[in-house]
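I've put the structures underneath this note.
Below are two complexes that have chain A in common, paired first with chain B and then with chain C.
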Partner chain A sequence: MRTAAIRATSLLLLLALWETAGRFWLDPLLLPPPSDVATRFRELSGTGELWTHVAASLGRVIVGYAVGSAIGIVLGCVIGAVPVMRDFFSLPIRFFRSVNPLALVPLMILWFGVGELSKVILIAYLVAIVVLYNTALGIETIPADRVRAGRCFGLKGIGLFVRVIVPAAAPGILTGLRLGVGFAVLVVIGAEMIGASEGVGYFILLGRQYVAIDDIFVGLLSLGAMGVLLNQVFLLVRDRLLRRYVRTTLYGS
Partner chain B sequence: MLRLSAASKRFHDDGPWVLKDIELAIPEHSFFCLLGPSGCGKSTILNMIAGFEAANSGTVAHRDRPIIAPGPDRFVIFQEAGAALFSWLDVRQNIEFGMKAQGRRRAERDPVVDRYLSMVGLADHVGKFPDELSGGMKQRLQLARALALEPQVLLMDEPFGALDAITRRRLQRAVRDIWRETGSTVIFVTHDIEEAIFLGTHIAVMTAGPEATIKSQMPCRVSEPRDPSNPEFGSLYKSIEELMREEMGDE
Partner chain C sequence: MFPPSVSGRVTRQILSVVVLIALWQLVSWLTGDRALVPPVQDLLAKLLDMMASLELPTHALDSLRRVLVAFAFGASGGMILGFAASAVRPLWTFLEVPLDFIRSVPPIGFVPLAIAWFGIGEFSKYLVIAYLTVIVVAFGTVAGVRQVDQTRIRAARCMGLSGWRLFRHIVIPSASRGIIGSLHLSLGLSFISLVAVEIIGSTSGLGFVIMDSRLLLQTDRMIVSIVAIGVLGIVTVLVFDLLLRLMGLARFMR
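And now, the complex of A and B:
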């Protein structure tokens, strides 16, 4: 309750500051106040133009995220559980972690064209790296006695992996999946700015070309809202369906 | 009989021997306490019996079969229950985990789970998760999930080291009662002489490492009550204390 009140206060203060700045201090053409942005938002959503772009971005995020997560979990499990694989992949992972996916955009476009594929691949790439890294870390940080207990039960190989190692690594896997949501939203915009005919990133770029700063703000706000919303959906699923697996994160052991 | 013959262990080739020529014969149904100064390798012996680690030379065998891997006939009660329990399973699921892994049916599992739930006194806490249990209750849960597999040998590695005195005493009584009721062999590692005399039917004292070995083995036939008011308790305590003092020097 107290947290909610503080969060609401922070949001209201920010809006008030923005409104004052846009109305009285700065040129409203450069910083349109939230009331103007809200008007523009209603116009754009009324015609459906905004939703076309949001839907396009959201679709890419969801597909890229799903593909990236699946690859990340599988590879992360292999790397975390098989020491040879850990050594084998450690250098490439460190390498690819430092290559900003936006730097790959030109290459993606040349290889896969300006269509959906290159954007989805870009999102999947970043999500996969984040998920893979946290999954492997989640497995490596399982307390040794938890695995030993599993072996006392007579488990080994795949049985041990499925019944003990994966659930015990779940906090790490879920951390990776949650970070992945944020990164997917981050990277989709960059991809859309370079080669797309719809999507929130494209819409923001259009705003720049027409010096429609209120459009840019509508785009930015939808972007932030998309991130917050997806994160809430993630937390809802985690806390409703997977709560038992994050108890060590939430309450300690 | 669980037997270690000339069992030696070191962790690196060319490294120092942690354990040297360990000779132990642990009879069936005994409550065997392994006493020794900290760091002497008591837990390493337990890990070899559990099958987590192999001896570099010599043999470790249970009922004349060499121990090569962990198995449900020898179950370990770990010191840190919070790390060893399955945090994603509630009390009941932790206890039935082993039977489920063995593919036993629900109708078969339920009465076993209920039996050990009440034996360790956790029947009122079935739906709780490990993080919602106190330290003592976590150890009871570890005991129950081990007992549910009805292991021939229970290996306990200073299981009550982190508990307060009263909880500790209660759990010691509980373990002794459970041992009497189930007839399993218990191998109990501790550095607490009083705990060893209170619980044991046999006591082995180790030398300080490196190259630790068994210094002395004795039966523990102190009559009830096993507490300092009993002169038999006092005299056994004194002689073990003397052995331990020789090993630990003047600290």
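And now, the complex of A and C:
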């Protein structure tokens, strides 16, 4: 309760500080005070301009994420469960994981054009790599006793895989899926800044070209809100539907 | 779960590289456009070319300097902030929510703002790379300090330790695991911010070479630079870990 009070005061204080700094101390064009940003936000959302950009970014993230996570889970299960595959893919996975995600944006645009395809492929690829890695790791590190126990109950083949291995690997899969959300948002903004005609990244860069810093702030705030929203949706789905698979650690889940 | 087979492991790993290269060559041949998907021999030739002309080392050094300077300032700032906020609890309650929100915005979003505020010079680049390190290390430090066993502190107090010596001999060692973990993480993240900064507004560094190659449609130069920045990132993190180990901090690392 006391913490909540301090937090609320802190936010109000921060906004007040920002307001005074922007209005009286610095140039309001350079540091637009919160009231100006709020006005600009109302304007942009009133005309629907902001929502077009947010919808474009969200659409790309959702499609790319869905494709990438599906591919990542399937491949990760196969690679994690078959020792030969694991050896075979260990070096390539290490290589692709170490490639800088943003560095790939120009290459993807060069290969697949400035349209939707390059963005969706890039997001899907990055999500697939991180999900694949964590899924394979999750399956690899299942305690042997759990598999033996499953066998004792007469499970084998597909039954063993679905009833024992996948649930035991679920915490690893969920870790990968959560990291994937961050990568997807990061890279969609990069792709939109380099080659796009709509999207939050494009909108922010446009704000810089017109030196409209209030626009940049509106863009950044919607970007942060988007990240928080996607993360919360992820946590909600995880805790509602997949609660028993969440790995509890010293730090909480 | 499945016992690893040692025999043939190396063979399979070598095989995977061979297959990967063969696949690349096949794709290159199928697209029939050496400029768009350059075969491996073209990439190697380009690599030698860029080494000989010193283009690659020069830009790699620029990138490395940006990361190292920003990381040094960011990590120091993050630790100072983290320890200060641990000592003065209300300060952290005050900062936690705004910092968490800023952390959830991808660093590339801040590049246009930094350029608008501080121009396209080196300062804005350092700032964009460093701010995330400050936040990540501050969170790591606060978490580390929070984990310090209260019994240890009481025990040390009983033995007469207080103030700076308590901090130096009890708090810092106990919080080291959290701090070092966050340093390791933020060094890796610094390379993502680095590329963000260099592909949006820069005239040097490997990220700039990647963007420049896009405008000139030089796929071979672009791919060499992409791989180079990946290698630079891995090597830097490895060297950092090695340095920590040499400093005798291995017991605080996972």
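Keep this in mind: the second predicted complex is superposed on the first by the 221 of 253 C-alpha atoms of A that agree within 3 Å, B and C clash if a C-alpha of one lies under 4 Å from a C-alpha of the other, contacts with A are read in each partner's own complex, and residues count from 1 in each chain.
Just so it is clear, contacts are C-beta pairs under 8 Å (C-beta built on N, C-alpha and C of every residue); 3 or more make two chains touch, one makes a residue touch a chain.
Quantities reported herein were computed from a predicted structural model and do not represent experimental measurements.
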item	value
Partner chain(s) touched by A:Val228 [first = chain B, second = chain C, both, neither]	second
Which superposed partner A:Ala170 touches (first chain B, second chain C, both, neither)	first
First, second, both or neither for A:Pro143, with chain B first and chain C second	both
Partner chain(s) touched by A:Leu17 [first = chain B, second = chain C, both, neither]	neither
Partner touching more residues of chain A, whether chain B or chain C	C
Chain B versus chain C as contact partner of A:Val211, first or second or both or neither	second
Which superposed partner A:Val237 touches (first chain B, second chain C, both, neither)	neither
Touching both chain C and chain B, counted on chain A across the two superposed complexes	143-144, 146, 251
List of chain C residues in touch with chain A within their complex	1-5, 8-9, 12-13, 15-17, 19-20, 36-37, 90, 93-98, 101-102, 104-113, 115-117, 143, 147, 191-192, 195-196, 199-200, 206-207, 210-211, 213-214, 217, 219, 222-223, 225-227, 229-231, 233-234
Chain B partner contacts - residues on chain A that touch it in the complex	143-146, 148-149, 151-156, 159, 163-164, 167-168, 170, 244-245, 247-248, 251-253
Sites on chain A touched by chain C in the complex	3, 6-7, 10-11, 13-14, 30, 81-84, 86-92, 95, 98-107, 109-111, 139-144, 146-147, 165, 182, 185-186, 189-190, 193-194, 201, 204-205, 207-208, 211, 213, 216-217, 219-220, 223-224, 227-228, 231, 250-251
Residues on chain B engaged by chain A in the complex (per definition of touch)	50-52, 69-72, 74-76, 78, 80, 82-90, 97-98, 101-102, 129-132, 146, 149
